[in-house]
Amino acid sequence: MSQHFPAFIIVIPLIAAFFIFTAGWLKRTYCFYIAAVALAISLFSSFGLLLQVLQNKVVVYHFGGWSPPWGIAYRVDYLNGIVLVVSAAIAFLNLIATKKSVEKEFIERVGPFYALYVLFVTGTMGIVVTGDAFNLYVLLEIASLTGYALIGMGTEHAALASLNYVFMGTIGASFYLLGIGYLYIATGSLNMFDIASILPNIFQSNVVLFAFVICLTGLFIKMALFPMHTWLPNAYTYSPSPAISLIAPLTTKVMVYVMIRILLSVFTPSFSFKSMAVNTSFVWLAVIAIVVGSILALSQQSLKRMLSYVMIAEIGYMVGGFWLANRAGITGAILHIINDAAMTLCVFLVAGNILYRVPGDSFDNLKGLFRKMPFSMGAFVVGALSIIGVPPTCGFFSKWYLITGGIAAGHYGFVAALLFSSLVNVVLFFRIFEIGYFEPFGDLHISGSMDEEEKTFDDAPLGMLVPLMIVAAGLIVLGIYTDTLVTKVIQFAIPGGIS
Amino acid sequence: METIVSIRPFLAVLVSILAVPLIVSTRRTNFREGWTFFAAFAKFSIIASMTPVILDGVEIEYTIAQVLPSVAIKLKVDAFGMLFALVSSFLWIVTSAYSIGYMRRLKEHSQTRYFCYFALSLSATIGVAFSANLLTLYLFYEMLSFATYPLVTHHQDMEGRSSGRKYLLFIVGSSIGLVLPAMLFIYHMTGTLEFAQQGFIAGIVPPKLIWILVLLFVFGFAKAAVMPFHSWLPAAMVAPTPVSALLHAVAVVKVGVFCILRVLTGVFGTQLLFSSQMDTVVLYLASFTIIAASLVALSQDSLKSRLAYSTIGQLSYIILSAALLSPKGMIGGMMHIAMHAFGKITLFFCAGAIFVATGTKNISQMVGIGKRMPVTLSCFFIGSLSVIGIPPGGGFISKWYLILGTLEADQRFMLFILLSSSLLNAAYFLPIIYKAFFCTPEESLFENKIDEAPPWCLVPLTITAICSIFLFFYPEPFFSLAKIVSVGIFSGQ
Amino acid sequence: MEDTSVPNIVTAVLADYRGYDTMFETAVIFSAGIACLFLLRQMKRKKTDFRLYRHTATGIIFRIEKGGKLPPTAKEFERIDGLWTPYDLIIKTTGRFIIPFIQIFALYVIAHGHHSPGGGFQGGVILGASFILFAISHDLRSALNRMSEKLTAFFYTLGVYIYAGTGALCILLGANFLDYSALATILFVDPVTARSHGILIVEIGVGIAVMAVMVILYYNLVSAGKFDEGL
Amino acid sequence: MVDLLTIIISKYNYWGYIVLMMIGLYAMIVKKNLVKKIIGMSIFQTAIIFFYVSIGMKKNATIPIISHGHDGGEHAVHAVDFINPLPHVLMLTAIVVSVATLGVALALAIKIYQQYNSLEEDEIDSQIKVK
């Protein structure tokens, strides 16, 4: 059975989505369990897949039994093997963690919600696992469509934000499709590795260059790199919390993965990193993204909005690290895809827990949260430290690789930007800690008695806390096992040509 | 120098972290503080159990996790670390006794949290003391910064918040902004971060950069409060007195100087410092801090902030001792870590006791207080003797060796600095005591009946006072430890 | 292209070589349907304070106040709402007249997909268009009487089930996902013909799904999810 | 000049799709009415479909349907006689995708209308400002 893992990862959730939808009409409570089982299976099979990859480098699966270029082939190697596991784990944990708040927010929409949820996961995992450029587009659209819908059901101006997201997303995806078209003209194939084998003969042709530019533009829009980030903050701020803690960790990270995949596996490094000038200019773009993202985050007054600007800065980390075009930098980028996904999940889950207990997530509503919900805030502290980049949390080590990459490439602007954003993050998160910790002001140290802590204790239900704790612990575990991760997996994901 | 692998250092770090859940889970206050004591004693006994091994010139090391190629989170116990660990873990026991008295008497809120973070910061301190490479050092340094934040801002009022902000701004800002890039740069150049007896970057890093790196480290470890990175320390005095006593007279600030000494000796190495003339730069930075801090201390009326400024000055003694690059000076510096710790913690305890008993913080309102609290004030006297460096205060020994070091290194100017600062110390301590005891009844602010602080406060401060006298007569094991260190460092020359 | 024995190469490539894409575009259309439901459908109707009933024969309109309603047995009355406009006889009749032909044609397009231009999507869209035409020419409520929401939902899950199920069946029969040649064993034909049959099956599935989704999209959009009035 | 003209003429399909695409982009960026934006989006996607179909085209080739029944493939098939089927296939998918996107976009537009009673962006913005 294990040779079908690549199919299972995608197909099981897909079929499950249909079942969930049907179950939604029959009995609502079934939906969650079907989804849980499906995601558990795909998590399991992605683990199995990673193990297979560790054994024999790459696993290929031909759909319909046709070998490429005719048919569609899935091709799993070190790079997407690890990303698969991470995204599957995130989807599963988030599903468990948000059960309660889904029941709270979408009482009579549970069926459609879980169907969309699972479809989104299908799309995302498909993007990661597929080896076919066009198939990637289709899956991308599945993920986006479901994402639009999930975000659209949020609060306040969600619908409007979601519609803007639709516009931007469509432009991005279409650009990508266009680029693929030109690649098809040039090579006559849609299979990534087939293309890669044909391209080197025609690197000079402008068609390839144009395809390169167009693809990259589309991906930048999709991953909300700084100038094209406008859709992200609103969409993430207004979206319902159970959805956002799924979408925020996966969407942008997976798009960064796609960029890395396209540039390393389709346009081989010898083409992508051909001219140093281009690389550095992209790094500078990332630097701007980091700085602007951090500064904008400073000016926000609500938790989720602030976090989404932090994420824009984080995107800058990954893109910049990749375009440093040296081993340390790319290692940092890939490592940061994993770590950042985990950190984002952690903090957004906390935001979800807070919203479960507190009317809003604007800073005024966070007062006294350390007394009210100490465990959630404890997890939040871990996540925050990881985003700031304090050892031994995982955020520190990816930042370590990124900065060493920056130094190695002699790109001190990038190094400075990373340090700057770390400092800004300190300010950002300690502002929240202060609000949660000091306010409301009162001379507790005169009157305060010790049983006061228990009095106002009202943390999120256990079902939401336990997964959150697992994620928070995972941040530290990831940090401690960084070296294993790098030496066992990531270093093989980078083609040999890069020093 | 042979090394043995043993988990004991890790246990020493871990024990107080493990105590945290116990402290949280127990509702009964007596049990909670029982756990604190238990952890403190366990920590001290583990560390003490390693002392003889270290005295035999053996080093103990333990690798926790391999996190980066060629860099691990790794503990390594040598004489220097052992000296520091002994001091701080012993003083933790005393302080926990003291803080029980202090907190209960003042009915402080959320004492559970207080004890938890105290335990955390202690493990961080020991971690710093035992860290075998720069990464581990940085890890525990940051852990200490974040663990002490809730203690500094314990009162959760406006003042607490503003000083907490200042605290973070200086400590975390400098460590991320200055230390981290310097560390990464060294890693990039050399590919390793392991401390070595004679440093490991000599010959690899171009001399121009040595300057920058040294300055980055000296200022980056802002816990050492080298001017102009000092102003967080007076601000941090809003914390409850036990915190100021242990953390801001012993643990945190000493961690700062410890880090600087570690990096100067273990990363740069004495020869490199000497050849690049960085030693003089550091010397003048330190001496400036010494004099300036002492002068500022004169003008402080609040007792705690006067003590804080005196601490700033005393810390720079230690940095100066490292920069002297002379064996005796190094011994003096090491000794000063211990001696000043005992002396200064006594003084802080006394300040706390006075506050507990009478509620006064300001020196101007302590006229004639000696008649009311004779024990406390006499201990205060002993402590100040030790800090000034007059026999039978233990501080005399460390200062003696420092002065020998200046002569050895032929730094007359530094000699002058040391002596004059000692005079200044005397100038800002002795008047307090004089006013406290010898004043005419009519100008005395307190009626003439003995009313001391509660015994939980009184006993610890007498213990520390006695210790600081005891150390004058019998400075072991610190002295031999310090000897081992300086021999190890200067054996190359 | 000999190995599928499907003359229409587009269909062959669509449903077989790149059958996986096609399954996902079915999934896309499916998720679009769910998305609309999710976004617009209003599960609990808010109580209108009166109901309108029209006597089909005479065209007299009754206004029944809150709570009251005619018994379902009263067949000659039909429920209408505020926006109701009298049917235009011409449109209605034309609609009734051409809809069957459209549907026949749609079925032809689906079934004959791999010999001539056409296939599941085209046919499905045409089929859906016929229902939409009915809904336009009459009104939504009567369309819903013909083809209720649940029925539509059933159809479009059925469609995707057929597609994905076929694929899964191939796995169960020991081949790769969507490798129709495996179906030979249960269809009792040679693998090549089995491929063409497999294509036919999935085309039918796609057709049903697309039709249903078109209809559900229309239902949701015109009535803003209230499923009562509409165009 | 002349050869430039020939380039333009010989590549007319590219110019065609580029023009369409720009129209779509213009509508999405400039228009204030959300429905017009959505229309622009569809035009944008259609442009790309047009592009794909056009690159599948070959001179004097027929639709890719081999004119015989089920009886296997005895006589050879000359790929030259048929236009490239793959772009058509891909575009079937792309069309479906664009339809789906359109559906979701319209649904969102309806939600927006229910919320603000308007589809004009500036009116909506003014309402948001007020809040």
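General observations
Should a chain be cited, it is by its letter among A, B, C and D, assigned in written order, with residues numbered from 1 in that chain.
One rule holds in what follows: a contact is a pair of C-beta atoms (placed from the backbone, for glycine too) under 8 Å apart; a residue touches a chain by one contact, two chains touch by 3 or more.
Everything numeric in this text was worked out from a predicted model, so none of it was measured.
The chains in contact with subunit A as well as with subunit C are D. Between A-B and A-D, more C-beta contact pairs are found at A-B.
Each chain gets one centre point, the mean of its Cα atoms, and the points for subunit A and subunit B are 44 Å apart. Averaged Cα coordinates give subunit B a centre that lies 77 Å from the centre of subunit C. With centres taken as mean Cα positions, subunit D sits 29 Å from subunit A. Separating the CA-averaged centres of subunit B and subunit D is a span of 71 Å.
Residues of subunit D in contact with two or more other chains: 86, 90, 93, 97, 100-101, 104, 107-108, 111. In subunit C, the residues that reach two or more other chains under the touch definition are 18, 21, 24-25, 28, 31-32, 35, 39. Contacts with at least two other chains are made by residues 134, 138, 141, 145, 148-149, 152, 159 of subunit A.
Chain-to-chain contact here is organised irregularly, matching neither a line nor a ring nor a star, and falling short of all pairs touching. Counting only pairs that meet the touch rule, the chains in contact are A-B, A-C, A-D, C-D. Note for the complex: subunit D touches subunit A at residues 25, 28, 34, 37, 41, 44-45, 48, 51-52, 55, 86-87, 90, 93-94, 97, 100-101, 104-105, 107-109, 111-112, 115, 124, 128. Subunit D contributes residues 63-73, 77, 82, 85-86, 88-90, 92-93, 95-97, 99-101, 103-104, 106-108, 110-111, 114 to its touches with subunit C in the complex.
Here subunit B touches subunit A in the complex through residues 29, 65-69, 73, 106-113, 135, 138-139, 142-143, 146, 150, 153-158, 160-161, 164-165, 168, 172-173, 176-177, 180-181, 184-185, 187-188, going by the rule given at the top. Of all residues in subunit A, those touching subunit C in their complex are 4, 7, 11, 14-15, 17-18, 21-22, 25, 61-66, 70-72, 108-109, 112-113, 115-116, 119, 122, 126, 132, 134-135, 138-139, 141-142, 145-146, 148-149, 152-153, 159. Residues of subunit C touching subunit A in their complex: 16-21, 23-25, 27-28, 30-32, 34-35, 37-39, 41, 43-44, 150, 153-154, 157, 160-161, 164-165, 167-168, 171, 175-181.
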